[in-house]
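Down below are the structures I want you to see.
The following pair of complexes shares a single chain, chain A, combined with chain B in the former and chain C in the latter.
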Partner chain A sequence: MRTKQMLVALLTLLVCPCLLFAGTVSGKVSYTGTPAKPKPIDMSKEPSCAKQHATPITTETVVAGANNALANVVVYISAGAPDEGQVPQQAVTFEQKGCQYIPHVLVMHTGQELKVLNSDQTSHNIHPLAKTNREWNKSQPPGTPPISEKYDKEEFITVKCNVHPWMRGYFAVLKTSHYDVSKDDGGFKLPNLPPGKYTITAWHEDYGTQTSDVTITGNETKDVTFTFKAKAY
Partner chain B sequence: MMKRRMICLSILLIAATAGSALAQNAGVSSGYPTPKNGFSPAEQRGHGLYLRYCVLCHGVFGDGNGDNAPFLDPRPRDFTAATFKCRSTPTGTLPLDSDLIGTLVRGVQATNMPSWRPLTDENRQDLVAYIKTFSERWKTEKPGDAIKIPPETPVSIESIRRGHELFQKMECWKCHGQQGRGDGPSASTLTDSKDQPIRPYNFAMARNDSRFKCGSENQDLYRIFMTGVDGTPMPSFADVMQPNDAWDLVHYLRTLQTERRSKENEVLKAAGGAATLKSSENKSENNSAADSNGKTHSGGH
Partner chain C sequence: MGKILAVTLVIVAIVSAVPIVMHTWPPPEDISTHGYAIDKQMDETMLEAGFSFLAAQLLLALFIWQYAGRQKQDKLKTFPGGAKGLVIAALVLVGSEILALGVIGQKAWANVYFAPPDKDAMTIQAQAGQFAFYFRYPGADGKFGGMHPDKIDEGNQNFFGLDPENDVDSRDDIVAAELAIPANRQINLMLHSKDVGHSFYVRELRIQQDFVPGLDLAVHFTATKPGRYEIVCTQLCGLGHYNMKAYLSVLFQEEFEKWLKERAGQ
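The block that comes next holds the complex of A and B.
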C-alpha cells in the first residue's frame, strides 16, 4: 500500500513538477517624478460615443494610481519562459466601445487568435501600425462580425482608428503566456513558474522598458519592483 | 613580333569593349559602385537603374529618405517596410510584381511619383526585383492572392442610389466629405503610418481626368476600397461589402467627379441630378419634419 502511494507521488512529480515547485514573481510598478496630466478627449464630433460617457474621458497614455502606482504596464518573461511555442487555444478580445479601446493594452501570444469587436453605433477602422508584423487596416461598420487576425512575431504594436483620432491602444505580442498587465495599484503577478532563471521585462507605452533577472529555486514568491521615470511632457 | 603585338592589342581592345557592354547590360554603367554580392542578374540591373532614376527620392537604403525627400509631400515610399499602397492583394499582404509594375507605369496621382512608362518592360521588372531586396519580408512571405473582381453591374439610377446609401452607411463621408471633396470631419486629423499628415482623396478635383492613386478605371476604384490603401488611413472594406454593393458604390463615387463626362453622371443627370439622392436621404431621415413643412407650405399659398 505504502509502495503504491510512493509510486503515485513519484508519478505526479514526474508528470507535473510545477505543482510542487511553482514559484511566483509578483510586485509593483510605480513612477518617480511628475507625469504629464491626462488630456480631456473631445468626442463632440461623434455624438453616439460622447453620450456613452457620463463624465468626459481623458487620454490613457499614463494611468497613475495612489502612491505613484503605474497601471497598463505589461510585465512578462522575456527570457527563460518555459512555455515558448505553446499557443493558447482561446482567443483574446479587443473591443471598441464608446470610441475607446477595451482593454487599452491587449497582450497576446504569437499565433493566438485575436478578435476585434465593434460595439459602437459608428464605423471604426482598426489600423494596427505593425512594423515587424504585417500592417493591415480594416473597416468595421456597426453590427458587422468580429474581425479575426493573428500575429506571428513578437512586437508592441500601436493601434489607431483613423476616423476617431483620439482612439489609441496597444497590442503586445509575446512568445509566452507568463505575463500580466499592472492594475490601478501598480500590482502584477506571474504565477506557476518552475525553478529556473528568468528575465522579467516591464513595458510601458510612453516610458519604455525595464528588465530584472530573477531565479526561482522552488515553491517561493519573489518580489520585483519596477520604477519608471515619469516624463513631464 | 610587331604583328603579334598588334594581335594582342586588338584582343585587349575587343575584351575591353565587350566588358563595358556587359557592364552596361548589368546596369552598373552609372559610375556608382557595384552592388553587394549575392544579387541576381535582375537585381544587379535593377540596382543600376535604381541609382539612376529612384535614389534621389527613395534613398540609397530604400527607406524613402533620399536627398529630395524633405521637399516632397507625401514622402517617398519606404521600401524597407514592404507596405504598398496599390495592390490587387488583401490588406496586410505583399503585392504581386504586376501591382508594383503597374505603379511604375502609371505613376501615383497627386504625388511626386511620375510615370515610368518610357522605361522598357525589362527595366521595370528589374527595378521591382531590386526594390524587393530592401525588406526581408519578400524572403519569408508570399504575396497575397489577388482579390476577385466580378463583372461590373449595369449603371442605373437605382445602383447609384444604393451606392449613395452605402457611402452614408460605411461613413466614407467622415474623411472624404459629403461631396467627396476630401473635407469630411476627420479629414484634418488624418496621418499616414509614418505619422505624416495626409489628405483624403478629393473626387471633385478630377475634371476629365479620372485618375486615382491606383488606376483610372471602374475596376481600379472597386479594387482600391476592397484592398484598402496600406500605409494610409484608407481601410479595406473586403470583409464588410458584397461584390454587387461594391459596384453600386463605384457608380456613386463616379458621380462625385461632377466635372467628368461619364455614364454615371449622364444617368444621374437624366434622373434629376444629385439633388434626387439627397431628397431620398432626407425623406427617410426626416419624415415627420418633411410632412409638417409640406402642410405649412401648402397652407401658405
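The block that comes next holds the complex of A and C.
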C-alpha cells in the first residue's frame, strides 16, 4: 500500500512538477521620459464606425497609464520555456470593431488557430505584414464568417487594414504559452513556472525589446521590472 | 412596319430631349467663383449637341417614313445633283461647331488650370492613398515640412511621412482627414498621391483633378458658400475605391480659425 502511494506521488512529480514547485514571475513595465501624445483618429469617411465612438479614439502606439506605466507590452519566456510544442486547442480571436483592432496586441502560439471577426457594417481587408511567415491579406465584407488562419513560425507581425489606413494592430506569434500582455497599470504575471533558468523578454511595438534572466528555484515569486525609454516623436 | 419605326424614333428622340430641355435634373448648386463659366459651357454644349441630335433623329425618321413602303424591285433614285456638296457642308458645319465649343471652353478651363493662383492664396496639401484622403496645413510657420516616404506610419497617423524629430518645419504641420477651408478665400490645393492614381472631385466646386503618382499637381479655387460637401475619388484606384471619400467643410473665417487652432493643439 505504501509503495503504491509513493509511486503515485513520484509519478505526479514527474508528470507535472509545476504542481509542487510553481514559481511565478511578475512585475511592472514602465517608461522614462515623455512619450508622444496619442493622436486622435478621424473616421468621418466611415460613418458606421465613427458613430460607435462617443469621443474620437486615439492612436494606441503608446498606451501609458498612471505612474509611467506602459500597457500593451508582450512579456514572455523567450528561452527555457517548459512547454515548447504544446499548441493550445482553443482559438484566439481578433476582432474588427468600430474600425479598430481589438485587442490592439494579440498573442498566440505557433500553430494555434486564429479567428478574425468583422463586427462592423463595413468591409475590412485585414493584412498582417508577415515577413518570416507566409503573408496573406483577406477581404471581409460585413456578415461574413470569421477568417481562420494560423502561423507556423515565431514572429511579431504588424497588422493593417487595406481599406482603413488608420487601423493598426499586432500579432505576437510565440513558441510558448507563458506570456502576458501588460495592463494599463503596466503589470504582468507569468505563473506556473517549474524550477529552472529563464530568459524573459518584453516587446513593445515602438520601443523595441528588453530581456532579463531569471532563475526559479522553488515555490517563489520573482519580481522583474522593465523600463523603456520613451520617444518624444 | 417602317412607318411604326419612324414614329417610334420621333417619340424616343423627343422623350429623351424633354428632361434636358426642362432641366429636370439640374446640376448641384455651384459654390465656387469659377463654376458659372463651366456651367455656361455645359449649357451651350448641351444646347448645340441636343439640337444636332434632334435634327439628325428627325431627319432619319423622315427618310424612314418616306421609303418605308418601297418594293424590292424599286430602284433607289440618286440624290439630285449628287451629295458631295452636302457632305462637305455638313462636315464644315459640325467641325466648326466643335471647334467653337473648344475655343470658348478654353476660357473656362484656362481660368482654373493655366492662370497662376493669387499671391495671397492659402496653400493646402492633399494626399490621396488607398483609400482615404488626408490634408495638410503648414501651421504657424507657414512652411510645410519635408516628406519622407520611409517615415510614413499610418497606424500612428503619420500619413505624409513627416520627420518631426529632425525636421523643425514639420513639427507644427496640421494634418486632418477633412478639408476645412475659409469661405471667399482662394485656396491653392497641391495634390500628391501616396500610391496609385486617384482623383479629387467636389461636384459643388466644379473641380475634378487627377492625382498622378510622381507628379505634384495643383488646382486653385474659391468657395463662396459655407457648408459640408463630399469629396470623392473618381479614378478607379482599387478594392476600396467605392468607399474613398472625405468631406469639404467651407467655414466662416472665425470658425475656420477656431478649427485650425483646435487641430494645432492635438
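One rule holds for everything that comes next: the second predicted complex is superposed on the first by the 219 of 233 C-alpha atoms of A that agree within 3 Å, B and C clash if a C-alpha of one lies under 4 Å from a C-alpha of the other, contacts with A are read in each partner's own complex, and residues count from 1 in each chain.
Going forward, a contact is a pair of C-beta atoms (placed from the backbone, for glycine too) under 8 Å apart; a residue touches a chain by one contact, two chains touch by 3 or more.
Every value quoted in this text rests on a predicted model; they were computed, and no experiment measured them.
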Three-chain arrangement built on chain A, chain B and chain C clash or fit: clash
Which of chain B and chain C A:G33 touches, first, second, both or neither: neither
Partner chain(s) touched by A:D42 [first = chain B, second = chain C, both, neither]: second
Which superposed partner A:S139 touches (first chain B, second chain C, both, neither): both
First (chain B), second (chain C), both or neither touched by A:G218: neither
Partner chain in contact with A:T59 - chain B first, chain C second, else both or neither: second
Chain B versus chain C as contact partner of A:P191, first or second or both or neither: neither
Which of chain B and chain C A:R168 touches, first, second, both or neither: second
Touched partner set for A:T122, first chain B, second chain C, both or neither: both
Chain B versus chain C as contact partner of A:Y233, first or second or both or neither: second
Residues of chain A at both interfaces, chain B in one complex, chain C in the other: 45, 122-123, 125, 139, 162-165
Of all residues in chain C, those that touch chain A in their complex: 129-133, 154-157, 159, 164-165, 176-178, 239-240, 243-247, 266
Interface residues, chain A side, partner chain C - complex: 37, 39-46, 59, 61, 122-123, 125, 139, 158, 160, 162-168, 206, 232-233
Residues on chain A engaged by chain B in the complex (per definition of touch): 45, 122-123, 125-127, 129, 131, 134-141, 144, 147, 162-165
Touch list for chain B against partner chain A, complex: 81, 83, 90-93, 141, 169-171, 174-175, 185-186, 189-191, 193, 228, 230-240
